[in-house]
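Structure first, then comments.
Labels for the chains are A, B and C, by order of writing; each one numbers its residues from 1.
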Amino acid sequence: MIAPLTRRLLRLVAVLGVVALAAFGLMQASPIDPVDAYLGPQVAQVSPEQRALIAERWGADQPATQQFLHWLGNMLRGELGWSRVYNAPVSEVIGTRFMASLPLLASAWLGATLIGFALGVIAGTREGGWVDRWICRYAYTLASTPTFWLAILGLLLFSVTLGWTPVCCAGPAGVTRDELSLATRLHHLLLPALTLSLLGVAQITLHTRARMLELMRSEVALHALAQGASRRDVAWRHGARHACLPALTLAFASLGELFGGSMLVEQVFSYPGLGRATVEAGLRSDVPLLLAIALFTALFVSVGNALADGLYRLVDPRLRQVHP
Amino acid sequence: MLEIDHLALDFLRYRGLWQREAVPCLRDVSLSLVRGEVHAVVGASGAGKSLMAQAIIGLLPGNARLRGELRLDGAPLDAPRQAALRGKRLALIPQSLAALDPLVRSHRQVTWAAQRAGVSAPRAAAERALTEVGMVGDSARRYPHQLSGGMARRVLLAMATAGEADWLIADEPSVGLDPAHRDGVLDQLRRLADAGKGVLLITHDLRHALSVADRVTVFHAGTTLETAPADAFQGRGKALASGYARALWRALPDNDFARPPVHEVAPLA
Amino acid sequence: MSATPSPRLALRGNPRLGLALGTLTLLVALVALLIVTPQLAERAGASDFQARLLAPTTDYWFGTDVLGRDLLARTLQGLALSLWVGAAAALLGTLIALGLAALACLDRRADAVVGLLVDSVLGLPHLILLMLIAFALGGGTQAVIIAVALTHWPSLTRVLRAELLQLQQADYVRLSRRFGKSRGFVIWHHLLPALLPHCLVGGLLLFPHAILHEAALTFLGFGLSPGQPAIGVLLAESMRYLSAGYWWLGVFPGLGLLLLVLAFDRLGNALRRLLTPHEAQQ
């Protein structure tokens, strides 16, 4: 049990190293000059000397390797730098934004996993039946739907036409976060979370269904049917048992998709979470914030991937046997 | 009485990307099984014996086309009746050990089998069936991968008997077992028949089938050639009607070990 | 068991008829789209201030936008653009996957490096990696194509690598080598024919993802320039007018994109099933 765990941790560190290197390299390669981006329209009013001074203070005149090592050292010490867009320490921006996104991500993840799994088992019970056909159609359509378009449709229908849900943001304008009541927060969270979870449902449904079909065609199912079991009995007693681990694995492995989806959904609903901060940082060339977010989400996603791999070892009795 | 009357079976499959063709798997299968007997169906692997078992319980794949008739106690055994009787009166002992769910403990699987058969006290029935096959205490609580081949076979046997079905179809129930375990399984089938059940023993192993069977049906290339009482298999096989059956008998090591003349082996030619 | 061919079964009742017809319809629709769009360029660009923000009518099926441009023409143009970008990105991604899979099969060290690369790309949310690459390349059509290609190879690489490793161990390939056939002969006559269907289907299945990610990237403002009539641009523009009730601006372009993606996704999956032996007979 220990050896695979160590190997997995080493792998995680290696992946984060490659991500850090790649992200930093890409930022370096960008034709957009961070100093120009920082100054914005005021660039015309700044003399070349002043400009060089800023560049020097940021260390932009040093060779790239040195800058990278310097930056990596800062990262490891927890000094993530200063966000120019939000005019606050990067660590603080990520902290507050992530806390705002967390309920959205968590509810969408949980909803997608549970609904997707149930639909997958139901569809897989009777392959080719009308329930299966409709669930499949639904899942295929959803899987091909652009996330942000789904969000736009939701906004049009529930917020603009019906007026059931608010049009934007995490709370009414002019009210600070601390003053919001739980009900108001949930009201603002409802539509974004629903949109985001609908997105994940399709993938988990189709994956669960594939596992179900595999089982329903196996000797185990044939044997159970020969004992007089109904298809529903086989599906829930044997199928769900076999499909739940793959479904959970997929749910952990698709945290990256979930985060990508949250960027789009937060953009459409103007929800002040980490996803929107990422977009802002990218559009306005806030390099320290962008790099820190890239690393943070890589950690988030890689841990999810590692968990997905590790789950099998913990849950399957056949694999438990190998490493007692 | 369980009767199989001129059963034939094809599979539809694609040839190339577009054209479909029917592949015949069973051509002409007829036999009858009565209560209290062990009736062996003997033939080479790939002759279609397992498909016959699946046809009897009505669990063929979707692309199969079946002709001919099945009757149980005089009434046609059609799809709805098969569905109603599966597990309750008709039970299957599958050939593959992969039929055990690897994620469920053995005794639970036996209990489920009893439950599915509609037994009123499934837990007790499972306990009894497991005791009958000699699986007691800790060994019954194991996961399938922790069982030896002999134990897994016995669990499959317990699952088929927990529901108290009176027609048992045993598909190669002793394959891959050492002599002691094999005899144990065969004896158990004999005892079930003596208790009044009808047992269809599907096997490729004529010699050991003869030790428990009352009658033997010889199966070749999707066709039943003949049904003979077990005592017809003696001496040089004079009492046997078909050349293939005689050849099968004489090829056993205890007999002449004779390689039969080729034309005798090909009854379909 | 010998297979005696039955009388040929009629066209009707063959379950593959639907697939064949679907493929044909899709191809015809695509060719029509590619022929029609250049003709529409004028109509799509022409603003008519007499006809601003019109709801769908018989003249303008999808309505008009804030500058009075025909939304149907703009949507079709956007779809054609998506098609080109998606095709280029999927092709590039497939080539990258093929190259890296071949590299991974050379020796253990190369395999480890490719494995680390795959894990790293999968370890970052797709959209963030896309953003970083598009950012680094300064935006524009080429940047989007490269960014999408660079983020979409890992899953196909895994498939091709597994397939190649299995092929290398296959008896007929080993025999061929043993009989003294050259490496080139083996690659050309044994490995490529076996891999080609996987590449084709893999590429076809990359395509819908590529289109969706291109649209998402453009929607967020990192992709195609706002001047191009990309679906992402149309939808980003529509956001400003949604609360005023101009619903058609948001509905139709997205619907078009959905249909395009759905068609390719279904086609790719149907072909994949044909190539999977045990599923093909179902």
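By our rule, a contact is a pair of C-beta atoms (placed from the backbone, for glycine too) under 8 Å apart; a residue touches a chain by one contact, two chains touch by 3 or more.
Protein identities per chain, from UniProt: A, C = Peptide/nickel transport system permease protein; B = Nickel import system ATP-binding protein NikD.
Predicted model only: the values in this text are computed from it and were never measured.
Engineer: Among the chains, which one keeps its Cα centre farthest from the Cα centre of chain A?
Structural biologist: Max centre-to-centre separation from chain A belongs to B.
Engineer: When contacts are scored as defined above, which chain pair ends up with more C-beta pairs, A-C or A-B?
Structural biologist: A-C
Engineer: How many angstrom lie between the centres of chain A and chain B, each centre taken as the mean Cα position?
Structural biologist: The separation of the two C-alpha centroids amounts to 53 Å.
Engineer: Could you state the distance in Å from the CA-based centre of chain A to that of chain C?
Structural biologist: Between these chains, centre-to-centre, one finds 22 Å.
Engineer: Where in chain B do residues touch two or more other chains at once?
Structural biologist: Within chain B, no residue touches at least two other chains.
Engineer: List the residues on chain A that touch chain B in their complex, please.
Structural biologist: 218-220, 222-229, 233, 237-238, 241-242, 316-318, 321
Engineer: Can you list the chain C residues touching chain A in their complex?
Structural biologist: 116-117, 119-120, 122-128, 131-133, 135-138, 208, 212, 215-216, 219-222, 231, 235, 238-239, 242-243, 245, 247, 250-251, 254, 257-258, 261-262, 265-266
Engineer: So in the complex, the part of chain A that touches chain C is made up of which residues?
Structural biologist: 11, 14-16, 18-19, 22-23, 25-27, 29-32, 140-141, 143-149, 152-153, 155-156, 159-161, 167, 255-257, 259-260, 263-264, 267-268, 278-279, 282-283, 285, 290, 293-294, 297-298, 301-302, 305
Engineer: For chain B, which residues are in contact with chain A within the complex?
Structural biologist: Answer in residue numbers: 54, 57, 59, 85-88, 91-92, 94, 96, 98-104, 112-113, 116-118, 143, 145-146, 159, 163.
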